[in-house]
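Presented below is the structure to which this report refers.
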Amino acid sequence: MYGSGLNKPLDGLSEELVNHLNTSGATIISIDTPSGLFIESSSLGNAIINAAYTLTFQCYKLGLLLQENAPFIGEVQVLDIGLLPDFLNQIISTAELLDEPKVRKVFKPRSRFAHKGTFGHALMIGGSYGKIGAVVLATKASLHSGAGLTTALVPKCGYEIMQVSAPEAMVIVDEMETHLTKLPDDIEKFTAIGIGPGIGTNPDTQKLLSFIIRRYRKPLVIDADGLNCLALQKDLLQQLAPYSILTPHPKEFDRLFGEHQNDFERISTAKQKAAELKIIILLKGHHTYVALPDSNGYFNSTGNEGMAKGGSGDVLTGIITSLLSQGYSPKDAVLLGAYIHGWAGDFAAQKYSKEAMLPSHTIECLGNVFIQLQEKI
Amino acid sequence: MYGSGLNKPLDGLSEELVNHLNTSGATIISIDTPSGLFIESSSLGNAIINAAYTLTFQCYKLGLLLQENAPFIGEVQVLDIGLLPDFLNQIISTAELLDEPKVRKVFKPRSRFAHKGTFGHALMIGGSYGKIGAVVLATKASLHSGAGLTTALVPKCGYEIMQVSAPEAMVIVDEMETHLTKLPDDIEKFTAIGIGPGIGTNPDTQKLLSFIIRRYRKPLVIDADGLNCLALQKDLLQQLAPYSILTPHPKEFDRLFGEHQNDFERISTAKQKAAELKIIILLKGHHTYVALPDSNGYFNSTGNEGMAKGGSGDVLTGIITSLLSQGYSPKDAVLLGAYIHGWAGDFAAQKYSKEAMLPSHTIECLGNVFIQLQEKI
Amino acid sequence: MYGSGLNKPLDGLSEELVNHLNTSGATIISIDTPSGLFIESSSLGNAIINAAYTLTFQCYKLGLLLQENAPFIGEVQVLDIGLLPDFLNQIISTAELLDEPKVRKVFKPRSRFAHKGTFGHALMIGGSYGKIGAVVLATKASLHSGAGLTTALVPKCGYEIMQVSAPEAMVIVDEMETHLTKLPDDIEKFTAIGIGPGIGTNPDTQKLLSFIIRRYRKPLVIDADGLNCLALQKDLLQQLAPYSILTPHPKEFDRLFGEHQNDFERISTAKQKAAELKIIILLKGHHTYVALPDSNGYFNSTGNEGMAKGGSGDVLTGIITSLLSQGYSPKDAVLLGAYIHGWAGDFAAQKYSKEAMLPSHTIECLGNVFIQLQEKI
Amino acid sequence: MYGSGLNKPLDGLSEELVNHLNTSGATIISIDTPSGLFIESSSLGNAIINAAYTLTFQCYKLGLLLQENAPFIGEVQVLDIGLLPDFLNQIISTAELLDEPKVRKVFKPRSRFAHKGTFGHALMIGGSYGKIGAVVLATKASLHSGAGLTTALVPKCGYEIMQVSAPEAMVIVDEMETHLTKLPDDIEKFTAIGIGPGIGTNPDTQKLLSFIIRRYRKPLVIDADGLNCLALQKDLLQQLAPYSILTPHPKEFDRLFGEHQNDFERISTAKQKAAELKIIILLKGHHTYVALPDSNGYFNSTGNEGMAKGGSGDVLTGIITSLLSQGYSPKDAVLLGAYIHGWAGDFAAQKYSKEAMLPSHTIECLGNVFIQLQEKI
């Protein structure tokens, strides 16, 4: 069915036709975009074709990249129809698709790195009673992404769990049994810090976050309940070190920056806040979006539905923190991290299926990704 | 040896011949059904040929599907002799064989699912002192079957064990060391709940089960000691939410619904109780039988003797609960769950042998099954 | 170098020649048996050729099977020179080589077993503070050998370790932290019991062993510190249920039955004690020897030097107990168990090397063995 | 670019040219050695070409083997130009490259070993609160390198972690929760002892080290915080049993033997101290250097940047201790240990990538190395 990029909801006969087709049980293939879908703004609530496949021309359009449109667009295939690059650049002005050639430029093979002597020391801060697995996953992801040293800071109830699960990691233990309360000594010595996985929102823990933000003057990676702690003390947003990295999913995003009606609005806010606060915001979704302080943005092109499982975000946090610790710039760490996270998940889906694959499998498949990246192409 | 479907026990010379053949050490192949075996009622206690192989015609007969006849029928092979479908439908009127084409119609690939936005939040309730492994297996099975989130509710003695064994799961801890006693807050938020693996039958735990049945108004999956708790408070049977799923083995079944002399009687009771209580009863056996509230029933065609090991049932509970959480109807979740559980076990037997394979291997092989299901055929 | 089966030590020129050759650095190949080696009695202390390879004729001789002669015989190859079977039977009158054809006769494929309905319930009793790994290995070996259910009885300090390591096993916990003290209820319900791995020799534990021997009237499998406990209360030897199975290495053997000068003497004692006490004695060594109550004995032909590591014996105990629980007779359980243990170890050596292979790898390779056994040949 | 072995820093036009080339972004290939690099002394601070590849002639030169020159030399390839061996021996007089032919001469296949009856009992001493993983890695490395028995001595906080992680190891537990304080009984019974991984520098632990050095009269392997404890009590250096093995990285080395400006100085000190104290010093680096008491030294030729991660050194300690326990001389244990550690790491890099590989993977790949070593070439 031929789709148009109009910004007026379908009505009358068109609406009836769309509803009829959607309930017909037929497999619908949309050309360009599904009928009724807006590509530059939200069309939620309107009558829209539920395509199983969308064949679009030359490049992705914004509406084909957003989570909220997933039910309408099905599997998207981009067809090359020979448009001029200049014309293309007009279409996607504010967001680029993060693809393999871009990532290969960012990636620095370890042998070159070695010239700089060290791969840094990453600190993963997370965990609370019943949610230690989250920081275990983040820590293992950091280890499997190349950090020279990885230390985990966990509450007492996480001590044995972490040491059994990740023998290569060192562990600093908060004296509180159930949640984190205290700043460890010498946090300045860590090359990079990621905070949030499974950390909870206990007032003590909120306080800990605020201490870290004020004391550790390098960019932090903040995720999950770390973001929820931040949302409970929004003044801290102003105090974040430049190029700090926030990695919210849409609900966490709304807690931080207010309710949004749809993903179009969220992306607009993300851009604005990244510039205003001089931070990097990675908004998770169908295609994860990265907003940079310089007003540029990227949609990630890797990953799959098998990653829609608890723990995926923790793995991403560990990867980005590990890359930061190895000397990647915050921008490069986020872009490379988001891309290889999705790529490893794509390997895992192939090996274990989208249903059975777990974030642990994604971690395990990071090796496959790095082996691919090292190969000259 | 030619078998007949008579309903009169063998006697006289026939009986002597059967006894002679059974002790002769010869490999016996039965045609149709082993001599002396009844196919529509129990023939336990009678003289019956112990076949190593049974070559039957066109379709399974009831007597060839029941656990109690396993010693007599050996390996069963169905031979196509060109009977008309209409005739076949007469033969198997009340029970259908659950096979791959039926299961493929039920299975919804994750990509389609993704249109519905979420894969749900499964809660596995189980474990007691010395039996935490059971709920670990159920939890891992849930994770490997595609639930978006899986939380385990365990007594205190299961806290570290669960967090070490399944980092992707969140854990809610009952303050009692040895067994479960308290309802967690907000159980309504869980999309699906499975209860029973390793839970024991402590009076506190019985009470917990009754609270859950009364408070959580969606269908529950109840297994193992959950069923034994139920058998100790049979009035709860009437209070089960419609389409709740019970998964007893024959002993648990008898505790719930009274003593039965044989599997024919059990199947008859299962049908009757499923209809009467508006629940789904999965009766484990040589071929697991699923009785539905609408009086239909299915025999599962997957699985093998290597699954006759402690922990197999816990894995099945985890799978069904996980499928429920993803939006499958209770009927579809049970049928798909039973089938893929057995299929994964068949993969495991091939890879690890029937002797050495463990329920953990079955979990691991769920990925193989989902990969097969995703392939178009 | 041509070897002779004489029973007189070499002297004079022969002795000098042997010493010269042994220090020459040359690779020595012996024909028949290494010069100076006695084949029916111990030749320790004599001048004996240190062969790298021994090419012997038609069959193994006793002297080529014993641990104490390992330094002299190197790798043994049996050459077929066409001797008559009758003559052969004269040569090896009291001990047979346990080989694949014999084991295939003993092995009952699980499908046949299934006719008997159940695979039993094995109980592994073991562990003490710092030695829980031993009973973990035994328990996992039992699970991987096909028992229907496996329960481990451990002291309190082993609770979490066991549940994390073997989720398929149930655990009964002795209330003492550091060692075992109390008989669990209902030990009669277990189909088979193995006792000893890592159990220590605390007086409480000795008492526990004596209670079990008196109360559990079926054959027990006793290993490791279980044997040392037995050696401290030798009167218990008379009270062992017929066909109980002891699995000592030479030192444990001597503690039980007195000091021996060499392996020839040990084998002689093993035969005598097996007959006298109506038990089965498995004496570990280069080729493990099994002495049966009926005066027959078998040398095992599988296994390798990579199994000379702590934990190998624990795995054997688990395998034998598991086979017993499945209905194998004690004799068949020991012969099949010893053989498949060595065979799994041979798979492990091939996959992981003799140096790096661990008893855990042997457990993992049990599946390879069962797959081989199931194949018709 | 043609490099020269001069000992005068570049200046003037040469210096400008080098700086220009280094910032040009071009891929630089150096012939012989990078311009500006000294090969027999340190050239840090000078203008030196940053080569991506260095093609050198006939053999390694000292300057191409040292960590400090890693940024300048890139990947080194040795080209055979047909120099006479005599001339070569002049060039590398004091240090040899440890390569496969040398290591094959040292390696004794397990079958030969078996003639000596036993593979010894290794004791790994290590761990403190939050650093138990280090001694877990060392213990597993010992197990995977062929020791007959491996026992770990850990503080109380390491008990469960070790038993869960390494069931084949026995555990002796110090009664102190957080660090090691007491000598275990009968340390003489251990064939080899390795001390240090994760041990910390608590005064109690320092005392423990001094007791062990005085009481255990065989060569010790001392690593990591064991070395830091030693550096805090330097008089103990004189009391080390001959052929004790120290395995410092450069910082630990400097703590022991004073500050050094560069790796050339460190190697010179290592040689001198090894001879003076009659010990073996393994100095970790780009190419690990082994200084022997007889004034000989070896550069190891295996290993890669993927091993620049916390835990690699712990694995090396476990390997060397395990080899010692099996009867290798200290010299052979160090040379074989260093070589197979790097080789296993090279296997791991190939399988898991340099970024994602972990010391645990290196342990796992030890089997690949032993399988290669057993193959005749």
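Just so it is clear, A, B, C and D label the chains in written order, and each chain counts residues from 1 on its own.
The rule is simple: a contact is a pair of C-beta atoms (placed from the backbone, for glycine too) under 8 Å apart; a residue touches a chain by one contact, two chains touch by 3 or more.
Since we're looking at a predicted model, the values are computed, not measured.
Trainee: Which chains are shared contacts of chain A and chain B?
Mentor: Touches both chain A and chain B: nothing.
Trainee: At the place where copies chain C and chain D touch, is the share of residue numbers found on both sides over half (same) or under half (different)?
Mentor: different
Trainee: Would you mind reporting the rotation angle for the C-alpha fit of chain B onto chain C, rounded to the nearest 5 degrees?
Mentor: Going from chain B to chain C via C-alpha fit gives 90 degrees.
Trainee: For chain C versus chain D, what separation do you get between their C-alpha means, in angstrom?
Mentor: So the centroids are 39 Å from each other.
Trainee: For chain A versus chain C, what separation do you get between their C-alpha means, in angstrom?
Mentor: 55
Trainee: If I count partner chains per residue in chain A, which residues reach a count of at least 2?
Mentor: 160, 164
Trainee: Would you mind giving me the full set of chain pairs in touch?
Mentor: By the stated definition, chains touch in these pairs: A-B, A-D, B-C, C-D.
Trainee: For a test of understanding, state which residues of chain B touch chain C in their complex under the given definition.
Mentor: 50, 70-71, 74-75, 129-134, 136-137, 157-158, 160-161, 164-165, 305-306, 308-311, 351-360
Trainee: Going by the contact rule set out above, which residues of chain C touch chain B in the complex?
Mentor: Those residues of chain C that touch chain B are 109-111, 113-119, 143-150, 159-160, 163-164, 166-173, 366-371, 374.
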